[in-house]
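Two complexes, one shared chain (chain A), two partners (chain B, chain C).
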Partner chain A sequence: MGIRFDKLGVVIAAIAGYGAFLAPFATFRANRIVAGEPRSVLEALPSPVGLVLLAILVAAGLVALFRTPLAARLGASALALAVLALLIGNAGAYLTPEGNTFARVSPASGFWLLIFAFTLLLADVLTRLQLSPAGRVVLLGMAAAAIWLLLASGQWDSLSILKEYANRADSFWNEATRHVQLALGSLAAAVLVGIPLGILCHRVEALRAGVLNVLNIVQTIPSIALFGILIAPLGWVAANIPGASALGIRGIGAAPAFVALFLYSLLPVVANTVVGLAGVPRAANDAARGMGMTGAQRLWGVEFPLAFPVVLTGIRIVLVQNIGLATIAALIGGGGFGVFVFQGVGQTAMDLVLLGAVPTVALAFAAAIILDAVVEHVATRRSTTVAA
Partner chain B sequence: MIEIESITKRYGDVAVVDDVSMVIEPHTLTVIVGTSGSGKTTLLRMINRLVEPTSGTIRLDGVDNRSVPGHELRRSIGYAIQGNGLFPHRTVAQNIGTVPLLLGWDAARIKARVDELLALLQLDPAAFGPRYPHELSGGQQQRVGVARALAAEPNVLLMDEPFGALDPIIRTKAQEDLLAIQKRFGTTIILVTHDMEEAVHLGDRIAVMDAGKLIQYASPTEILARPATGFVETLVGASDRPFKLLSLGEVRDVVEPGSAEGEGIAAGATQRDALAELLWSGRTAMPVTSDDGMPIGRVTVQGLVKRAARPK
Partner chain C sequence: MKAWVPLLLRLGLLALLVAFLSNPLWFEPVLRPLTQNGAPAIYNQGSLSSLAFQHLRTVAIATAAAIVVAVALAILVTRPAGAEFLPLSRSLVNIGQTFPPVAVLALAVPAVGFGEKPTLIALFLYGLLPIFENTLTGLTTTPANVVEAARGAGMTGWQRLLKIELPLSLPVILAGIRLSVVISLATATIGSTVAAKTLGEVIIAGLQSNNLAFVLQGGLIVAALAVLIYDALTALERMAARRMGQVPAAG
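On to the complex of A and B.
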């Protein structure tokens, strides 16, 4: 006996099996906008390499399929992901005809399914390992370093998305900076306004329902509509308030994008501040008053520190949401990664869309992991207890 | 001395505390007892102005408690509550140092005081000082709550059902600790409870409240012997008031000459314990030993039964 299937492993092995043997590994296109031709693993890689890759994938799939020690699963998933990441670059170089600058090779569904399957395995292992918050951030750093190494080494240069990047290297980093500025700047503004507003809502009950309802309604306005709504007032501000247009405030561009992101950010920050403050143990609050703390001392010494983990959760929601939403800023000339997405859509060039989308997803993912780690760290240190 | 003069607190038309006057002697332990909604907690909270009275005055050592701002008044009065209200994000040492810090003591003085109080409450300062409240048991949290209330050496300590959340065994221990602390510092303690047993055990004086009114304010013996109203009588509990009465006296007061067989009892034990021991062991008399262990006579069931009768 002793051989038993792992429940999640069955799913992972099935996805990996389909990805490795039935779905195309890479797509070849004669130029960047024509339809692609699928290439299987063995077609996409030189002969011994493809077989080696398949062998590694089968072995890793088997480790996932059965109940195996965590260390083995960790090793299998890491190895499979590393080999996949490395060899997709080889596929690019192998499939591109010598000297042809128009041909495009990109990862196809099989590759993405394999990545998904083994990422799932890795995530499952990491969950079971119950890593500390710091451990997770370190791991994220290692993954980022590995990807950076692959990028810097030129291993992926023959892939379509990097060819798009090569054509736009300067504007890529400009838009990246703009994207981060929009996401973080609007978050900072939302925190500066939202936390005091949340505290006010907590203290003044009459205000609470009204403010939260208004912010709720703002959240439901589609972003494109919100941009439209903002054109008129911001245009008026630019035209009538001295210095406003010098600051870059216009009816279209970065200013309305910033304002829209800020407005969307307010609800999570305000709502979580209110919820966090409401969750402060009554006894702690009463004791604080009874010992002679003034209102301000109570707020900053007791209430806010106790509400902080919840507030931080709100900030995490906002940051991840903003990194994604900032893409839309490109619609009104606000810049950011959305520029590539919309250009790509316009030119039906999927690779260009990916050049905008992949960094956005990676950024949001990293932000989520880092802030989750911070939230958990803060919450365990200040673990609240209601004395029974 | 705390003088409460015609104090009234109204919420709308309802008088939660209705024209209460009483004088609390210094260095005594006064227990305010009543059912929930009797106004006992509101009365307590008007002393440190967590609740502002509608009318009437409260004077602490002759000074109107409204002569200083509320938060300054409260820093000079100890305050401990049910569920202890420790700050979960601060260590035990930081919790205890709260009021001294507010008063601007320097760090060395705060640390010395925190260590002194922890040691007094049988918590090792080095082990417990750096811990967080959630790492402590309920009884330990309660002791830290008391230490925090005493940190700035207040003359007056207000306690709102401080033992309400403790199990019976830890509660008894906490009560003994409180009596020891009161003896040591001479703090004037005002304690609110709904438990008449606790009131009789702890109080030098007991104030019984019902529906906002002060019904009776007297010594425990007086309350047991001559309950002012039917309500007080119900609160005392007719079935065991003789035993409560016995619990107020020490064995040394009922020692008779002579000797008896078997296990003895200390002169400092309560008469109630003596009677219980006699009934349980099926004896009619038992020897009594003085505090230094010398036999000084005996105590009899008959002698105790006489004591349990309603005082004339």
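On to the complex of A and C.
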């Protein structure tokens, strides 16, 4: 038998087939909070366009289904994703009645399943290609540019999530800035405190178990609980220490969120600094000592550079974790994308939830890819210089 | 430090937690100074102990389901029949863990509506990742010579899996379950924003009515539960590692 099925392809083709032919492609709602009516691909798009989309999807599904060369699978998944991203905008424009500003069109389960299926295919191809760190970052940049183009061209403007955005464009960017400030600011503070603390724990063994245990316990406390617990002491500081409230320290708001994120960030930074320093080969240290280097020279010239990739891994964990956790800050008035998530949940306006959730996921995902690439780059450069 | 000090601290914390949940009014004088304008100092819109029970039940159901599915999937992709899925499943776990639990929770709402269901779904989906990842690590790092010896002794694939590979991986799998439970306890707390009955309700009610006593008691109960459960699971993990003759991992 010449033709063979690809096992993963069977799963992908099944999901894509269900998404394209049985599940609704888009949801039409008369206004932003009423229940939606499902629309299939052929109902959501003018018929020639709908038929072309189905033809492309079937072809891409077939490429996935059988054992085909990686290049074909890459092309098929990229084409299917691009066409889906482009045409969901057309569905929005086609389904919205002329001049109606209340009607909302959003992607429905079929669209999401199709995106999921072909993202699986793309992810599988990219995993098998084993791209270099730089290659992955370039690919991320290309995907970001494509999404930016679609947004800037107005192709998606008729979709519900962008109508939510249009209603609150100013506050969106304020909350975005706040979100990034919370995530990056607490990370910076944790690096400034955590690395010296980690070095101290490495040098003073008596300190190590105690510090790591306390940080471990902090990490275990659920975020909203920690935010809540911090409200009382920070409120007291604001009320009783002169100048504290002028610095923006308050019981509720960004201050407890910042402190909580900082505390959560400490464990990965400190623990990875300790692990990294403990993994420095004794020979390297002895050689440095033999060359007459002082303790501080050895630390910054030999030990820390050798431990750096492990420390960086800790920073990667913290950044991705903080971007996610900063969402909770909205519950205590700390701002960030969580504002839209929780407002949306409160108003049962799911597109508003998406307006908060999608950028958060995109930020966390981009941070993970970029920092993974940096970690890998630093680690391979280190091992090649050590080998040479 | 003497070995019994941490144990004593934990027993004390447990006793305090049980006392608070069974008779919160005893603690009223302590929390009274945090309230304003005669607001109640102890949560009065439901019993704290039943909220704690429902919180734990939600976590337990979701984690049990996540363990079954994650371990089964990890076994599947490490058998020859599922080997084609192994590289992709690794990437998927990495990608999945960049999704914040809150986003998973909020996105489950349009699919199934408000209440317990979106929370269970979010806890289940997010709980899968650490368990799957650790089971995969355990099953792929079983020493090759041990597996070879079992094969030489005439064990079938199933026997090797059940008697060698899974028992040897147990400590790592338990570590994954512990991570998953800790994340689930936190996510379940936020579940009260989508109307699930959990301890988060107390914190949210306190934030909405500006009642610091509610916020603090909710936060402290959740924190105490999380720390105690984390410790208990760590102890279980050490026991398993010792039985397997492995050096228990630190932390």
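Simple rule for what comes next: the second predicted complex is superposed on the first by the 381 of 388 C-alpha atoms of A that agree within 3 Å, B and C clash if a C-alpha of one lies under 4 Å from a C-alpha of the other, contacts with A are read in each partner's own complex, and residues count from 1 in each chain.
Just so it is clear, a contact is a pair of C-beta atoms (placed from the backbone, for glycine too) under 8 Å apart; a residue touches a chain by one contact, two chains touch by 3 or more.
All of these numbers come straight from a predicted model, not from anything done at the bench.
Three-chain overlay on chain A, with chain B and chain C fitting side by side and no clash. When the two structures are aligned on the shared chain, A:Asn216 is found in touch with chain C, with no touch to chain B. When the shared chain is aligned, chain C comes close enough to touch A:Gly324, but chain B does not.
Once the two complexes are overlaid on the shared chain, A:Val353 sits against chain C while remaining clear of chain B. Seen from the C-alpha centre of chain A, the directions to the centres of chain B and chain C diverge by 80°, a value given as a multiple of 10 for the model superposed on chain A. In the superposition on chain A, contact of A:Gly235 is made with chain C only, not with chain B. In the overlay built on the shared chain, the residue A:Thr380 is in contact with neither chain B nor chain C. In the superposition on chain A, contact of A:Arg289 is made with chain B only, not with chain C. Of the two partner chains placed by the overlay, neither chain B nor chain C lies in contact with A:Thr177. In the superposition on chain A, A:Gly338 contacts chain C only, with no contact to chain B. With both complexes superposed, C is the one of chain B and chain C in contact with more chain A residues.
The overlay of the two complexes leaves chain B and chain C separated by a minimum Cα distance of 22 Å.
Across the complex, chain A meets chain B through its residues 281, 283-294, 297, 302, 305-306, 381-388. Residues of chain B touching chain A in their complex: 48, 50, 71-76, 79, 81-89, 98-99, 102, 132-134, 138, 141, 145, 148-149, 158, 165.
Those residues of chain A lying in contact with chain C across their complex are 6-8, 109, 120, 123-124, 126-128, 212, 216-217, 220-229, 231-232, 235, 251-252, 271, 320, 323-325, 327-328, 331-332, 338, 341-342, 344-345, 348, 350, 353-354, 356-357, 360-361, 364-365, 367-368. For chain C in complex with chain A, the touching residues are 34, 82, 84-85, 87-88, 90-92, 94-95, 97-103, 106-107, 109-111, 114, 182, 185-186, 189-190, 193-194, 200, 203-204, 206-207, 212, 215-216, 218-220, 222-223, 226-227, 230, 251.
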